[in-house]
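Labels A, B, C and D are assigned to the chains in the order they are written; within every chain, residues are numbered from 1.
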């Protein structure tokens, strides 16, 4: 297989799922593009993006910018599941390799924590395109996240 | 200064600006987020993103996904200015380091070609946030683009 | 698990292992740092780097540069296993996130092909540090490789 | 030009140059590959790598691993010039795009700080190959560094 089994993470905050879903719902950009959360587990989050004409590039496929946006979001929230309750998550950097066109009924971005630290968390992000029940590995990358401890996500 | 002067590029296609502006206009996702082209020069393209509530994350700043989207677009079109007339541009990969929050009236993404090859082009992308006339360097990265020769950008 | 099962690759060149081992042996830099090849399978290559004082940084761990060097090498040769006989491999770009210090008796870099194309191949690279039989995930990243078809690896 | 003028940095530690040169001299790996420091200024460091047969790949050019190693080193020490006296620098991640073969009498890696923060510093790294007095832009990338405050670089 491609990589060793993911470490089993124990979240610091038992309310992690509710905290992640609340934060996601407060992001107007995710509503603008029509993204929604799938699975939310310790260190592992899915973001789903159904196809819409308004998300495409000139050839009718998902725009690379929409692929990157949900990759960044899935990885960021995967990290956030393991953060303490009173904290915020900030993306330091991310990189994506786009391996095939974003073609199909929906994209699924999967973010998974590779290393969870007090200040920095490293995630792997993979994006899959689903067309007629078939999944294609569309993009892959890694991301670095910063934990702003004591800076609640709900504070403006 | 940070880097050597950009090489002077001579575009293969004298109609490069019209070709870039036409392609940008055919990308529904750019209209969805409200992005528009600024300067279009050989090997150098600006994409401007005016602030809108629908582009923000939970703290009211530009979402990281919107920052990445215009960075990818600016770099891709900078490469495209130097491509032959009958070709398309595909993003192979991009990486962005986000250095400060996307806060202000607008973002300006600047894509510049570092190396122009027959098949692959490498660009540098920088994103600046403008607030009350002051520019902050918000993000920086590099990107790899692929030239699909003989595959017109206008063909569906 | 972290990622979907690796696709099963069928090499174009049945002599792929011999070709990879021959090329590796012709790289003086790999001899300089003392790296050697481990497993060589279709789309999957290990590079092993035993500890040596001359590979360290100021705290006595493997230098980040030696971690990156074997990551680049493992990914490049993983791609090369799937190339045609009369070709060369060139690294377009690579990124590594270093997740923990390179501490131990040896490093093992594992390169795996995510997407194999005619011109471009995308790999994932992971580096593990082995200390007293225990493996630590030390670094992870992705890489883009270019296939120079018709340009034999043995030609100077 | 490619990028805005570099910000003028004021180092926290007036002995920054001596501190950087001392740290570099304690890295056995830099001696192994024969790298030496060039200019050391606030937020800007050059690492020079003279050609040696032992640094090459199979075609006789500088190995990609040696290019990445001095890029990482130049960026890391550029960040370190701005750190407080009693601190260490750790590479979080780096990415390099290799734009042309490393061919010539020497490589020069230039690391420059884009953003200096209390915990994280972002640098841009460029590598040039010098052959018969002519410089070729060989590689470019960005890097994230972590400041270990209170952890002296000289402590084993």
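Just so we're on the same page, a residue touches a chain if its C-beta (ideal position, glycine included) is under 8 Å from a C-beta of that chain, and two chains touch if they have at least 3 such contacts.
Since this is a predicted model, take the numbers as computed values, not measurements.
Asks: So which chain is the furthest away from chain C, centre to centre on CA atoms?
Replies: B
Asks: Taking contacts as defined above, which has more of them, B-C or B-D?
Replies: Pair with the higher count of C-beta contacts: B-D.
Asks: Roughly how many whole angstrom separate the Cα centroids of chain A and chain B?
Replies: For chain A versus chain B, the centre distance works out to 23 Å.
Asks: Taking each chain's centre as its mean C-alpha position, how far apart are chain B and chain D in Å?
Replies: 28
Asks: What whole-Å value do you get for the distance between chain B and chain C if each is reduced to the mean of its CA atoms?
Replies: That pair's centroid distance is 32 Å.
Asks: Two or more other chains touching the same residue: where does that happen in chain C?
Replies: 92-93, 95, 97, 122, 141-142, 144
Asks: Can you check the complex and tell me which residues of chain A touch chain B?
Replies: On the chain A side, the touching residues are 23, 26-33, 53-60, 63-66, 68-70, 72-73, 76, 88, 90-98, 141, 153-156.
Asks: In their shared complex, at which residues does chain B touch chain C?
Replies: Going by the criterion above, the answer is residues 92-93, 95, 119-120, 122, 142, 144, 146.
Asks: How about chain D: which of its residues touch chain B in the complex?
Replies: Residues in contact with chain B: 1-6, 95, 97, 99-100, 112, 114-115, 122, 124, 126, 137, 140-142, 144.
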